[in-house]
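Take a look at the following structure, please.
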Amino acid sequence: MASDFGKKVKITIFGQSHSEAIGVVIDGLPVGEEIDLDAVQKFMERRAPGRNAYSTSRKEADLPRVVSGLFEGKTCGAPICAIIENTNTRSKDYDKLKDLPRPGHADFTAWVKYGGYNDHRGGGHFSGRLTAPLCFAGAVCKQILERKGIHVGAHILSIKGVKDIPFDAVEINAETLKAVAEKAFPVQNDVAGEEMQAAITAAKGKGDSVGGIVECAITGLPVGVGEPMFDGLESVLAQAIFAIPAVKGVEFGAGFAVAELFGSENNDDFIYNEDGTVKTKTNNHGGSLGGISSGMPLVFRAAFKPTPSISMEQDTISISKRENDRLAVTGRHDPCIVPRAVPVVEAAAAVAILDLLCRM
Amino acid sequence: MASDFGKKVKITIFGQSHSEAIGVVIDGLPVGEEIDLDAVQKFMERRAPGRNAYSTSRKEADLPRVVSGLFEGKTCGAPICAIIENTNTRSKDYDKLKDLPRPGHADFTAWVKYGGYNDHRGGGHFSGRLTAPLCFAGAVCKQILERKGIHVGAHILSIKGVKDIPFDAVEINAETLKAVAEKAFPVQNDVAGEEMQAAITAAKGKGDSVGGIVECAITGLPVGVGEPMFDGLESVLAQAIFAIPAVKGVEFGAGFAVAELFGSENNDDFIYNEDGTVKTKTNNHGGSLGGISSGMPLVFRAAFKPTPSISMEQDTISISKRENDRLAVTGRHDPCIVPRAVPVVEAAAAVAILDLLCRM
Amino acid sequence: MASDFGKKVKITIFGQSHSEAIGVVIDGLPVGEEIDLDAVQKFMERRAPGRNAYSTSRKEADLPRVVSGLFEGKTCGAPICAIIENTNTRSKDYDKLKDLPRPGHADFTAWVKYGGYNDHRGGGHFSGRLTAPLCFAGAVCKQILERKGIHVGAHILSIKGVKDIPFDAVEINAETLKAVAEKAFPVQNDVAGEEMQAAITAAKGKGDSVGGIVECAITGLPVGVGEPMFDGLESVLAQAIFAIPAVKGVEFGAGFAVAELFGSENNDDFIYNEDGTVKTKTNNHGGSLGGISSGMPLVFRAAFKPTPSISMEQDTISISKRENDRLAVTGRHDPCIVPRAVPVVEAAAAVAILDLLCRM
Amino acid sequence: MASDFGKKVKITIFGQSHSEAIGVVIDGLPVGEEIDLDAVQKFMERRAPGRNAYSTSRKEADLPRVVSGLFEGKTCGAPICAIIENTNTRSKDYDKLKDLPRPGHADFTAWVKYGGYNDHRGGGHFSGRLTAPLCFAGAVCKQILERKGIHVGAHILSIKGVKDIPFDAVEINAETLKAVAEKAFPVQNDVAGEEMQAAITAAKGKGDSVGGIVECAITGLPVGVGEPMFDGLESVLAQAIFAIPAVKGVEFGAGFAVAELFGSENNDDFIYNEDGTVKTKTNNHGGSLGGISSGMPLVFRAAFKPTPSISMEQDTISISKRENDRLAVTGRHDPCIVPRAVPVVEAAAAVAILDLLCRM
């Protein structure tokens, strides 16, 4: 098991979808940082289910209870532990899934890995619900980063082929990031947003689901964040982002498009700003050179697969009967995880960036 | 710094492009494993420079000297250390680069990060040359994996838009992986390979460079490899792959294409094989569900940017003069890193997979 | 901060003496292990305060609430999190200690380290109360170890110079360990135990405190547990044991006495048992050779300083006045921590041993 | 295997007694630090064999070759790797030890742990020879510490019961540490030193060996070094010190003697120095309170067992014959390891302290 992340700022996530509670321990935070728990709560609500017609109807208060690590409202050097109770579990929904593993889920792989001892209810430790404590940790880290002038923000770049306006990798700034974050449906182009929502609703109507892409930018990073090789910015961020369920691809800057460019097109020339600082004219490198921040906005994208839980009938196996079988997943599931994934991507990125920043 | 990787099987890479030597320490390997050093050498030659018209003319013997960790030819429980001497360094080529950071390289970011104390010669610790010891480690891990029936192989999927036939994610097997690895230019479709080489040669002629995509498959993985969350297969592999210089994107299975699929299209149905084992009909999940191997081939792709060192003149800054300047990179550089990156991707993947396998 | 321990079985302890709650996350446990929470509770009661005339009168239920990681009573592959509420805190007792650091405590060092942001109440994260979650973790690990035939047990070897009969390093066995653990005052010689208690009571009467030595044995360890060098048995156990507040010395086997022996006296000759297994005739090495278990009982001792909180007046400084001052520590404190430390030593050892065992 | 140590400053030691070479990789050092390799060499000579009548006659140049990590004589952010060739190996000496494990050595435990694949020659990876690269790492760390006003020094406190004058835990300073380090036989009282040497010579004459105690002090540590719980000063130092072969006990400050003290005797009262800094009147706590440095000298002692390799005949087993046998260890062995262990203790302490310092 490895539900922990980070070397200086370290988080450990615990819980299963239907255990008594879930939560996170955060160790190694800078000391004396005031944490605004209302702002944390507000951030977590961006991820919370049940906010619109197409998201899962499992509503939970998801109020994190901070039981340690803050003293007089500030980080005190001791690990923060936040607990979120699981109050609205309907384990019965999952009874048959113990026998019939859902295609696209970890039901089968976890069952084999743990010899049948895994908590299958609601996906157990593999549930998307475990991104709630990740969001708690991310919200705490974001506050500390913001105090240092570093902003992390994301938007929906595409859903089922409908595209939002990408971030301008050179000009993106904190104001734009905040503005998009405040939207109920975080896109830059609200018309595209309407189309995306229509695509989600249409899929839901058919008992189907859709995927999409989240784009994230980090502004205000000083030059020099990131360690060489295996702890480069891309390596550490990718490790964190791929830990979010349903992510199947991560790319930085120009990303996969670099494969079709000449070096003379892809290289970002250095020039001096008027204030004597250095920037690049373009930002195909996405803010990272040699795994180290260049001072340009860090920009990356993550591809999310369509929610695997669909009510359309699919082929699967019956473990008990040892024969092929059919399954229609009932229960409460988002037809598209992407809108709720936006703050999760921000959270994972914030934890990773604060860890690297504190390791300098 | 973090030039180490792995939790059970751990590698630590040392050296700079122009230091006396480079090398790697590998700790935590299974014990009693015979290591065929000729096969290791052969694998490393796939990465070695100077093998064809368009690769860098810096030729080095690159003979690794194993100074510890093997006893009577077998792993003995003590860490393996392999040293590769740097015999053919032309540091003078890099003198002016201390002042004029190369666009697309770590020259500028490393200079800031290390306060000017970094070894700039040849890119120092950030040089692609450091992938030689990674290949040594990967070759050792591959041998151990192969003895367990696990094969890691990669090919060039595309260069500058010219595409090879992708691996069949369901049918890919050890034989196909070995066959492509033996080729001087590792593609499945040699006609496409010719076109790719023509594209590289054309770019070289213009003093330019091109990028591409490497696709890698791992066959024979048992179900259950990979840990939840931050040490899932995708997280650990991506951390390793993004540590290879020039990688800007990593995707698994259907990758970024999932963003345009319905759940009903993307889900891979489970069925029983005749022998009672389980497989999926399709393999959009790329062999990983919940970060854990499903028993299907693990398939991923990595995008490599065009070599940033180009002889065409580019804008950059002069650090000493504190003004904008111009730079044409001389010295020995591949116009396309992709062909030599193929074994590097295999190596990084092999180290990551053996580590996860040994952690079960 | 580094309130975590272990590489395969990992624990993370959180909480402060007067935070809302304290607790522990345990990750990486073997899967499918039934955990008897009543037995865990019983073990924790051996550490609980308020059990006799001379221990602190702070009584707490200390009922750990397991919110995750168990499914149908068994470890399920997800991290266990146990929470213990802090219900009986009297923070006012500690108000003046923010200004007057207690000699022998971490008040001063934590205040400097954390720039005054540390939670000083009751010693904060440095409080002996944090050994409660350590005991929870240890109790869980002990159960798993016992199922493998490995027993961890400790007794009071001495208090203020009064000595119990040491464990017989060759003959010590599970039965003896269990018998001593069941005693309210865990000594082998109850007469010595009476004398020790008299010494404690006498010290308490004078507003003073006393220290002592705990001896711990681990039986049933197979040969081969422990990794070379920095993760040898002694290194890992010592790291865990020195994490217990008040420990100032740790020794294995003959310990410091080896300094006065000839090699011919200290060496433990190997001989065959009748069943073909190997043992040593004597056990001066304390069960570890080269940091690896020899199959003989592992025996070590830990020295505990007298409780630094004493009601006798002592010299200290006033931080606010920046002048020397006087302090008599009021509040609830054990005049001797040693009896309650016995299960804590067992717990730390059990966690360390299970981690090393699972890394083989 | 775990031949690595440290979280920020990390060392990885490789090699076996009779492998081609041994060495160490040091990662995470502060950047821009000039390393005086002559001084490193001088430090390593304090550990080198063959310096007097009673130490092993295996003489080796032990010249470390630094192949990476320094640029223009300074740390450059890339890992340092130092190689020491094994030029004077007499593997034949060890042939029979493959069958007859030496009492007190790791021969038997390593043979079982590694299923017979371990390199038995000269103790393989468990050999005291591996302390040479540890000394290299320690010498590098010491130089960096000294530039920050932190000095690490040790002396022989006792051999076979003959006692040197202990360090004054309050008054010990850099000058005293340097003075004792310069001595060929590092004791404060040279008369006691003569007696110790006589005891060693006498033991050698009988084919026997003796043990002893090394005392180490670290001066100039600022307040606040060390992390809570498992990464407290005592925990981290003990982990490092117990990794030195033959160490069976480690104690800090008053150490095991605390068990016989009253709290009122053992507590170290705080007082202000004239310059407004804080000290304690006494130093029974040995410079660490709650695992964090107090600003007082850090003082600890390590007990070394007598060299287990003795030429007197001992009982052991014949693995091949599966019966009890007799063994007289020939080859080159120190009758007392303590004098050569003094710099090794300093080295291990220096690495541990620099790591903790860089983690603040």
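Note that the chains take the letters A, B, C and D in the order they are written out, and that residue 1 is the start of every chain.
Basically, a residue touches a chain if its C-beta (ideal position, glycine included) is under 8 Å from a C-beta of that chain, and two chains touch if they have at least 3 such contacts.
Since this is a predicted model, take the numbers as computed values, not measurements.
Colleague: How many hops, at fewest, get you from subunit A to subunit C via touching chains?
Modeller: Between subunit A and subunit C, the shortest chain-hopping route counts 1.
Colleague: Using only Cα atoms to place each chain's centre, name the chain farthest from subunit D.
Modeller: Farthest by centroid: A.
Colleague: What is the distance, in whole Å, between the centres of subunit A and subunit D, each centre taken as the mean of its C-alpha atoms?
Modeller: Centre separation, subunit A to subunit D: 46 Å.
Colleague: What whole-number Å value describes the gap between the mean CA coordinates of subunit B and subunit D?
Modeller: Chain centres of subunit B and subunit D, defined by C-alpha means, are spaced 39 Å apart.
Colleague: Can you give the whole-Å distance between the Cα centres of subunit A and subunit B?
Modeller: Spacing between the chain centres: roughly 26 Å.
Colleague: Give me the residue numbers in subunit C that touch at least two other chains, ranges are fine.
Modeller: Correct list: 1-4, 7, 13, 77-78, 110, 113, 125, 228.
Colleague: Quick one: in the complex, what on subunit B touches subunit A?
Modeller: 1-5, 7, 13, 101, 103-106, 108-110, 112-113, 125-126, 130, 158-161, 203, 208-213, 223-224, 226-232, 234-236, 238-240, 242-243, 245, 247-272, 276, 278, 280-281, 284-286, 289-294, 303-310, 312, 314-317, 322-324, 335, 360
Colleague: For the complex, give me every residue of subunit C touching subunit A.
Modeller: Touch residues, subunit C against subunit A: 1-4, 10, 12-16, 19-23, 25, 27-28, 31-32, 65-69, 71, 74-81, 83, 110, 113-115, 117-119, 121, 124-125.
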